[in-house]
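Pasting the structures in now, so scroll down.
You will see chain A twice below: alongside chain B first, and alongside chain C after that.
Right, the complex of A and B next:
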């Protein structure tokens, strides 16, 4: 119950942050702008619009997730709101989970708003024939952002917001290059140290590349084998990885002096 | 009478980067606060008052020692249902209205909607904000924020209240109202742990006080016992340093003020002796005034003594 109360207040506060609205409005503007591409054939045009729109949702979502999450805990400590809350019958893990779910709800609202506008525009462009396959890509983007929100929130228990911004962005970039780190780890020409280094990076870093599913959706001629199994695994991976990170954050947060 | 708070050897040290020795914020603090009393917790800035309160609330963990609040270890979740805290210069979510803030804290206690609505109305009226309950906090003055802080601290009808500088930033009328409220809380049988720099407030409302400096407990006791006995203040002029040194030996303190020397002595025999010393040095006695010892006198004496 207290987790829900804190999550609700986190969502309420986040939705009043001007910077998040700026990202959201810029993203919505770019999505709408993408529909002015006219010099391609209908099929090419739809492909470009889908690719561009999903890319905008993913990038705007990434900035919103990081900017929101890096301040989750430090802002509460700096403003001393945490003192009055934790002096009430609120367990530290309830507070932390409340902040996390509040941040996640904010990310969901933002992704949902961008997606609704994108879907409406896309359906209009496609002569009012809805393309529900795009929802699968949006679902994957949401779970990628869920993973990123967890990473940024876990770092927010340990480090300052500025350090966290660079750390979370770095983890996102490395995690998005998972195919490259995997290839480097398996490169037989490289020495054992380099292979070991890339193996550790590949298995330790969250695999954000799992969630870039736009290509098969945009190019239906190259379908993913066992599509639902792939999505199921990716979602399960995000939930399990996030749960492990949240346990680490809770353990650290329980011991922390406020 | 039962204890509301008990600490035994409570110690908090912090390790700072680039420093070999840890910094001590609170050192070996042992004290007891009885149920139903207003306990003043005094000390200059950096004395360790807020750190002590944070340890009692379970916000910070002691390096050594133990603390019990309402008979249970500090930080116990059940105890938190029966205590409350008003931090110094409190900040709340400023997008919320006054009513929403009080409602938010009431929700943390799992109160029903009906109970919350009644409570919010009652508390806003108590702190004089019933006409401003629908304004967002970013339109509140510092004094109004302090009042909202007090309202959130009373949301659970606490048995024990921790107030850290509750009158900070308030105008004289609000100041007096908060003082009356603290006395009312004591009359209702609640315990108040009051950390404040406003020594006149502490002297007016507290039953017992503790004085802390650099993390160490210097004095603790009933206010009446600590302030017992009045002093007599002799104002003199035209005396040299040798005489001042002699006067220091037979008085509570000697200080200069507006070109005159003020000598505080304890009893009439001491007065006569001091006057004899001044006259022998061909000094001039300007006045002899009885003076009641105040908490401020006691506080300054103790802090000066330690710093010297």
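Right, the complex of A and C next:
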């Protein structure tokens, strides 16, 4: 219950932050702008609009997740409100989890808003025939952002927001290089140390590339096998990985001197 | 939090790490089908001798998984280049786009079209050396999108029918395209037209009957289907015309026209020559002209590249680009002085072939010649090397100094 109350208050507070609204408005503006491509055939146009729209939702979501999460704990410490909260019957892990779920709810609201606008525009462009398949890609984007939010949240327990911004962004970029890390981990020509290094990165670092699933949704003609099995595993990966990171954050936060 | 609880949590976190690794190993094989494109490192290193430097934001976008967005932006850029007439810039970009996103079907089709049609000489004659790369590009598109009809149709119609005039292959690919899910009914009609061009009249009739059958079946499902209505009307009209023509052309073999074909090649100046002659053919029949290296063979590419052999010369004026016959005469002046790059003439010997092929002739010409030339003969230049086809064909063996 305490966790829920903190999450709710975090959501309310986050939605009042102007910077998030700026990101959201820019993203919405770009989604609307992407509908101005009129020189293409119908299929090309829809391909470009879908790829742009999903790309913008993912990029804007990434910035919103990082900027939101890096400030959640440090801001409370800086304003000293955390001491007031923790002096009440609120456990530290409840506070931390509340903050996390509040951030996640904020990300969800932002992604949902962008998605609704995108879906409406796409439906209009597609002669009022809705393409609900894009919701699958948006679902995957959301779980990617969930993982990113957890990463930024964990770092926020250890480092300052500025350091956290670069650290989280770096982890996101490295975690998006699956093609390279996987290839290097399996490269028989490389020595054992290099293979081991890349194996650790590929298998143990958060792998954000698992969630770039937009291609067959942009191109419905492309056949995909066991689509939902893949989505299920990707969602399980995000939940399990986030659980590990949240445990690390809780353990560290419990020991922190405040 | 108790120390024991903390330790328990740490143990749980550590125990979950192998689960994460296992899930990742399970996700890896499936991920490929969601991210079918090549990585940016491949794109940057495999563009051959025509490197295309991607702006840094494009590279960044590609690296972090927004390949489709980058591909879309590059495609927008391609249309800018198209409107500027900068075709040379388009082809490498289409290569990169299809590497990033191999399901961009329209990029394959448009890229192949640029290659086959838009690299032209000063007389707007397409560079035939790009035909094989164009075909290969479409073949790659077909391989990457096996269930999609468009690249198959483009390979059949644009490349084999219009460009190479290999009607057997054209029929093969258009028919394959028409069998794909979502293929428009008009592809069935295109198959029939190509069968007629190929000279397979009985098969063509069968195809028209099949078209009518399919149109009726579609109309039974939905009587308001405008495409099916069109398909039915056009197929019926074409079938009627085919049967009428067959009746009118039935006895052409008994009343053959002697073409009395004569042709000359005359060099006017270096790289300037005139091809002229006489042919007893109806007005607007066309004489195809092919001038190429004596040892020229169409290259077989293992994989697509837009680089062509700069030492190869092929001038390819066939079909509707052939020389028009009017009042029994034909003549065309070729001035290749401004087109050294397209026609380098680096070899010592060349073959110039002038052909009248009745299969590519207009209907009113075929009313005299027949579909396969059954209505024509010639004292000197009748060519029956293609089974079932009677063509008129004269070959000149030229030396470099005859042209340069």
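Rule of thumb we're sticking to: the second predicted complex is superposed on the first by the 258 of 258 C-alpha atoms of A that agree within 3 Å, B and C clash if a C-alpha of one lies under 4 Å from a C-alpha of the other, contacts with A are read in each partner's own complex, and residues count from 1 in each chain.
Everything that follows uses one rule, which is that contacts are C-beta pairs under 8 Å (C-beta built on N, C-alpha and C of every residue); 3 or more make two chains touch, one makes a residue touch a chain.
Because the structure is a prediction, the values reported are computed rather than measured.
Q: Using the overlay on chain A, decide if chain B and chain C clash or can fit next to each other.
A: fit
Q: Counting only touches as set out at the top, which of chain B and chain C does A:90 meet: first, second, both, neither?
A: first
Q: Which partner does A:129 reach: the first (chain B), the second (chain C), both, or neither?
A: Neither partner.
Q: Touch check for A:5: first (chain B), second (chain C), both, or neither?
A: first
Q: Between chain B (first) and chain C (second), which, if any, makes contact with A:191: first, second, both or neither?
A: After superposing on A, A:191 lies clear of both chain B and chain C.
Q: In the superposed arrangement, does A:52 touch chain B (first), chain C (second), both or neither?
A: Only chain C is touched by A:52; chain B is not.
Q: Taking CA centres after the superposition, what's the angle at chain A between the directions to chain B and chain C, given in steps of 10 degrees?
A: That angle rounds to 160 degrees.
Q: With both structures superposed, pick whichever of chain B and chain C touches the larger number of chain A residues.
A: Of chain B and chain C, C contacts more residues of chain A.
Q: With both complexes superposed on chain A, which partner does A:257 reach: first (chain B), second (chain C), both or neither?
A: first
Q: Just to confirm the value: shortest Cα separation between chain B and chain C in the superposed three-chain model, in whole Å.
A: Checking C-alpha atoms only, chain B sits 10 Å from chain C at its nearest point.
Q: After overlaying the two complexes on chain A, where does the chain B footprint on chain A coincide with the chain C footprint?
A: Shared contact residues on chain A: 91, 255.
Q: Okay, in this complex, where on chain C does chain A touch?
A: 1, 6, 9-10, 12-13, 16-17, 19-21, 23-28, 30-31, 33-37, 39, 41, 61, 63-69, 71-72, 75-76, 79, 101, 103-106, 145, 147-148, 182
Q: If you look only at chain A, which of its residues touch chain B in the complex?
A: Spelled out, the residues of chain A in touch with chain B are 1-2, 5, 9, 12-13, 16, 79-81, 83-91, 255, 257-258.
Q: Tell me, which parts of chain B touch chain A in their complex?
A: Touch list, chain B to chain A: 54, 57-61, 77-78, 80-81, 83-87, 89-93, 95-96, 104-105, 107-110, 149, 152, 156, 162.
Q: Where on chain A does chain C make contact in their complex?
A: It comes out as residues 37, 39-41, 43-44, 47-48, 51-52, 54-55, 58-59, 91-93, 172-173, 176-180, 182, 202-204, 207-210, 212-216, 218-219, 221-226, 229-230, 233-234, 236-237, 240-241, 243-244, 247-248, 250-251, 254-255.
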